[in-house]
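First chain written, first letter: the chains are A, B, C, D and E, and each begins at residue 1.
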Amino acid sequence: MAVAAQQLSSVPVLAAHGLAIDYDTESSPLRVVEDVSFTVESGERLVLLGASGCGKSSILKAIAGFVKPAAGTIAARGRAITGPGPDRIVVFQEFDQLLPWKTITDNVAFPLRVARKLGKAEAIERATEALAAVGLSRVADSYPHTLSGGMKQRAAIARALATKPDILLMDEPFAALDAQTRRNLQEDLLRLAEELHFTLIFVTHAIDEAALLGARLLLLGGQPARPLATLDTSSFGIADVGSAKFEAVVRHVHEMLFDGERQHVRG
Amino acid sequence: MAVAAQQLSSVPVLAAHGLAIDYDTESSPLRVVEDVSFTVESGERLVLLGASGCGKSSILKAIAGFVKPAAGTIAARGRAITGPGPDRIVVFQEFDQLLPWKTITDNVAFPLRVARKLGKAEAIERATEALAAVGLSRVADSYPHTLSGGMKQRAAIARALATKPDILLMDEPFAALDAQTRRNLQEDLLRLAEELHFTLIFVTHAIDEAALLGARLLLLGGQPARPLATLDTSSFGIADVGSAKFEAVVRHVHEMLFDGERQHVRG
Amino acid sequence: MSEADLTHRAEPRAATVSPAFLAFGRGFRALRRSFLARRLLVLVLLAIAWQLAATYKASPLLFPSFTETLSAFFQSARTEDLLSSAGESMLELIKGYALAISIALVLVSLATTVPFMRDVLQTLTAIFNPLPAIALLPLAMLWFGLGEASLLLVLVHSVVWPFSLAALTGFEQVPETQRLVGRNYGLTGLRYIFYILLPAALPSILSGLRVAWAFAWRTLIASELVFGVSSGTGGLGWFIYRNRNDLLTDRVFAGLATVILIGLVVEFAIFHLIERYTVERWGMQRAAQH
Amino acid sequence: MSEADLTHRAEPRAATVSPAFLAFGRGFRALRRSFLARRLLVLVLLAIAWQLAATYKASPLLFPSFTETLSAFFQSARTEDLLSSAGESMLELIKGYALAISIALVLVSLATTVPFMRDVLQTLTAIFNPLPAIALLPLAMLWFGLGEASLLLVLVHSVVWPFSLAALTGFEQVPETQRLVGRNYGLTGLRYIFYILLPAALPSILSGLRVAWAFAWRTLIASELVFGVSSGTGGLGWFIYRNRNDLLTDRVFAGLATVILIGLVVEFAIFHLIERYTVERWGMQRAAQH
Amino acid sequence: EGLIRIVQQFGTVFLPLDVIRDQHLVEKHGKALGIDITTEWHQLSGGAVVNDALLSGNIDIAGAGIGPFLTVWDRTLGTPLEVKIVGALGAQPNLLLTNKASIKTLKDFTKSDKIALPAAGVSVQSRILQIATEQQLGSGHAHDLDSITVTLPHPEAAAGLISGATEISGHVSNSPYQEKELQDPKIHKIFSSYDVLGGKVTPTVLYALVKFQKDNPKTFQAFTDALREATAWIAAHPKEAAETFVRVEKSKLPVAFVEHTLEEPDVIYTVAPLSSKKFADFLYRIGAIKHHPASWKDYVFQELQSENGS
């Protein structure tokens, strides 16, 4: 279905209109996101930026089909999203997203097996490659609880990338990684996005990372969170990092998000 | 005891000599850290820097008394560390360090109550202040599972700071926070460190954060990890961030850690 | 409800449907949401099934119908000692239950504090858990006599092992980070157990309490028959046994229905509410729809 | 071992002690580390306590000593049908146990998939769990006759409710993120249960299996006493009943000792090993020292 | 027709059934009547369970105490499930025993004593004790001793009485426990059920649905013939009978001991129920049964009515 729909390139891969998200609380429902609309074309990369607790993960979960919007619609390739599915692979923000009863390799091979796309040997092979790419070959046969925080995140990234998804939703995947590993994975991600032409929704707090990875930035703010602005950053590549133009955009975004004052964001 | 020892300022607050850490694995024990030595004077701030999975959290856990060194010694104020204790308060790397059965306020008040230092009303009051400082007043009466990842981390930071600890061990506490919140909390931390004169051991991946927060940086690398170098960065304050000297140090550290090459660190 | 819906914690709030559907939909949804209504529906369905099965078998001496049981229940409650028997049994049950839970908590606390005690507890559990109450009878007589003490012993035996097992498993499943947090604040021994392990293991402990409660009932009813009861002072088990020997099966079922009623009340008024206001509220256990 | 040590996963590796201590220390530590040795020690201590208590009471008709029981055990194993009785009971037990666990898994799977079934299961559990087997006997006879089927029914009744409860609690405690991961890969229905919920809930399920196993034994022995030899030629319960009627208390205890022995073997050769190679290995449950 | 399912419980009183089983007497008498009969043997414990099995149609011939029989007779009278006695098994006394030298009569029991009974309040033993109490203490005092009776199965009660290590100081017993208990010099008899009821008592009877006899007259006939033959054979061959008991029941009791209990002068094997009417009267009087049989013949099958029962 994904392939068939891809040909109808007039339909956006993802489209949200007037999205609002509520959570049940003990008293009344709490609105955390309101009136968010965006469309993402095939192969595009959208980055969500916003203060801690503003609702980025919630939007991602709504796209993934885990949270039902309180208002508005989200559609993937023209079809309203009614639940989760393997066309929208998620890298969660949490460290405990690896299944503790599977070795790292089996964790990475798991979605490949579940989708019945690959045979056992093939799945293991692809998992091994994906783990090598994130520098986890040494612990391929370990269980998740013996890994450091950053290693767990890398394994989750490898698992998501190995599925070669149609749409990839990543929630601060690089937050626990050192500068070098982060840079390597950013490069890998950009390269894979080109190669596999997948659509990426990415949440991050690092504005430079946002500018580098995103073709478009969606800045969120307020309470409940609404879109503050949308920026086109498709022109930046790895080489531009540190350039004056790049830095200017980063500063601009920072100002838009935090209007320069010392302030504590909603919480 | 902590107060009494503080007067013997000749004894370092923390001293590690030839520290090595092993983990039991299914086959043989795995050495992850070797021959690490350092001393931290009272009120000093030591930052551990190193690639993902190199053993920073393990060292922190050894200082906290959760992991027994395989070789070498660690002493706090001259006494060998035999187990965990409230003189060394830890902010863990994990999101699930809040106790799910307590509201955010009660979570922050918990160590104050447990230490029998404060009465209930006082503890709640101090918790409320600490939460206001990290921007979490709105969710003071919520339970942890309703918080976003960054909000959980902020609550954990508030909890640790509210205890006014003698030694504070922080494991990537700001990783899940947006730029502005991060900067605010860095400032708060530096101010509190001055005011309360506590000793800080801090793990981070952000080299600029390390240079800003640390009075001394301990760079780790290799497999098993050994100290690569120690840097004095006590001269930098918030105002220096972005200055040429500051950026030079950041670049220098980056080169020492990752020797400029694209590489994947041990994993 | 579809599969996918299961993963939704946030409930839909807005709906745009035709008003005709709306009323019906609202009623149905209200029913689906109301915990009590759904439980009542289940109970009514069960009662109907019972009535039909009994009518079909037409063997009132072995299997009285729901309505026969109901009238026997009211009659026994009015003219016989059904209610006072039930009260007596409840009293005994609560004593034995409380005693057993306390003993089990002490054992499990010891086992978490002293490694060797863990071996002792696990071995004791493996030994005593499969032993039927009847095996204890001679020993109980020898050491505790024929009165209440022996009955309590048997009750405690039926509760203490399964509950210890559940509590120990619960304690051992407590996430590493939460343990470390407790240790970090200097908690040890009983304070550590009380402030960290117990609340963190509450879902398992509640499930253990439920199983233990049920087994306490089973054992009490069964052992009021076997021993320890002087005639004339027996509880619900004795009521059931007497009527069973007199082939007054409708009263036997009325006695059993009393057990069930008490069980349902305890389940929904105690365990369920505790669950709802603790582990579900804390996000430690998936919430049912209430 | 001190409190604080409990939180150490990493064991000390290096030691610098005088050689004199070293040998002793090594021996003691080896003992402390060897799972089997510690369990054996517990068993030996219990046997000694038993022997002393029995000698003190000096009432072999009610409470034979350990050595008397031991010799009765060997004698019954050689000249009587103790072992074949035990085999027969085991067979029955395994049948009933397997049946009950399968039924419970189906019920719990339904309950996790269809919300209304969750209400049904919880209500059924609250109703049937506290009912003693005796309440089922007339019904069992009415529907299933005097044969094996009735015995199995009673066995299933004793196992299915507590195990369902444990499994359901286990399922509901599965961390949210792991559920979401499973859903994200498109797992629904049985595949979701099998690939995500079952392994994630394994600690609770193992604890439920243990409790269920013990209660299956208890119930089997107790109902073999009532059902006698109607089904087959009578198992261990019947062996115990016969010898009890002949006032051969040492053989009664030998029969009970057989129950215990089988229980210990199953515990240490099956449940313990499963635990060690699954949940403990996966870091889902704190490891004991082995 | 052609199938008979028989249930028995534990004890020497069921010896006639053991003999029938051992010597295939039902099959033999069936042949004589011209049919092939298959017998199915069940062993259950407890009168209530036996009644359940009978009423649920799982057995044809039930063996249980006179008390459970009268109850089921009373409840089913006039219904399709009506039951009647096929035959008694034998007369055996139930003895009240004590291990306290100070206790000579019922009046000597004090509050600190405990009398063990199976199913206090409702069992045959319990009824006997109530009748005896009434006789000794006067009418209206039947339940005076109820407060010191405790429910305890015979084996535990016997073990408790013999060991003297428990509170039990009295036990309304039956065979073979009472013989075992009396072997202990500390234990002596206070009364026998024969004294209480004024003659020999058959505490246990075999009964069947009236419907069974109607539907299977020949099978039923074969069984009653077999029962008569077995009863007669036991009287003539006590030693062989004792051996049969030990063999069929796989009992570990010494043959000599069983033979000794069989040869007690008080023990006779008879198909006619004895003193059953007195039980019925008592149960009716205290309201345990609603129908008052005019004669013992009201609740036995035709075949038995010519016997010298009571």
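Quick notes on this one:
Just so it is clear, a contact is a pair of C-beta atoms (placed from the backbone, for glycine too) under 8 Å apart; a residue touches a chain by one contact, two chains touch by 3 or more.
Predicted model, so just to flag it, every value in this text is computed and none were measured.
The minimal number of chain-to-chain contact steps leading from chain A to chain D is 1. Highest inter-chain contact count (C-beta pairs) belongs to C-D.
Averaging Cα coordinates per chain places chain D and chain E 40 Å apart.
Centre-to-centre separation of chain B and chain D, using mean CA positions: 45 Å. The geometric centre of chain B is 46 Å away from that of chain C, both derived from CA atoms.
Chain A and chain E have Cα centroids separated by 82 Å.
Residues of chain D in contact with two or more other chains: 3-4, 7, 57, 59, 62, 138, 141-142, 176, 180, 183, 225, 249, 281, 283-284. For chain A, residues that reach two or more other chains under the stated contact definition are 23, 65-66, 83-84, 94, 96, 145-146. Residue positions of chain E touching 2 or more other chains: 52, 56, 156, 159-160, 165-166. Residue ranges on chain C touching chain B, taken from their complex, read 175, 177-178, 180-181, 183-187, 191, 195-196, 199-200, 202, 278, 281-284. The touching residues of chain A, when paired with chain D in their complex, are 61, 64-66, 83-86, 88-90, 92, 94, 96-97, 99-101, 110-111, 114-115, 143-146.
Chain contact summary for the complex, chain C toward chain E: residues 59, 61-62, 137-138, 141-142, 145-146, 225-233, 241-242, 244-247. Looking at the complex, you find that chain A touches chain B at residues 23, 25, 50-53, 55, 57, 93-96, 134-139, 142, 146-151, 154, 172, 175-182, 184, 187, 205-207, 254, 257-258, 262-267.
Within the complex formed with chain C, the chain D residues making contact are 1, 3-4, 6-7, 32, 38-39, 41-43, 46, 57, 59, 62-63, 112-116, 118-120, 122-124, 126-127, 129-135, 138-139, 141-142, 161-162, 165-166, 169, 172-174, 176, 179-180, 183, 188-189, 192, 203-204, 206-207, 210-211, 213-215, 217-219, 221-222, 225, 249, 252, 256, 259-260, 262-264, 267-268, 283-286, 288-289.
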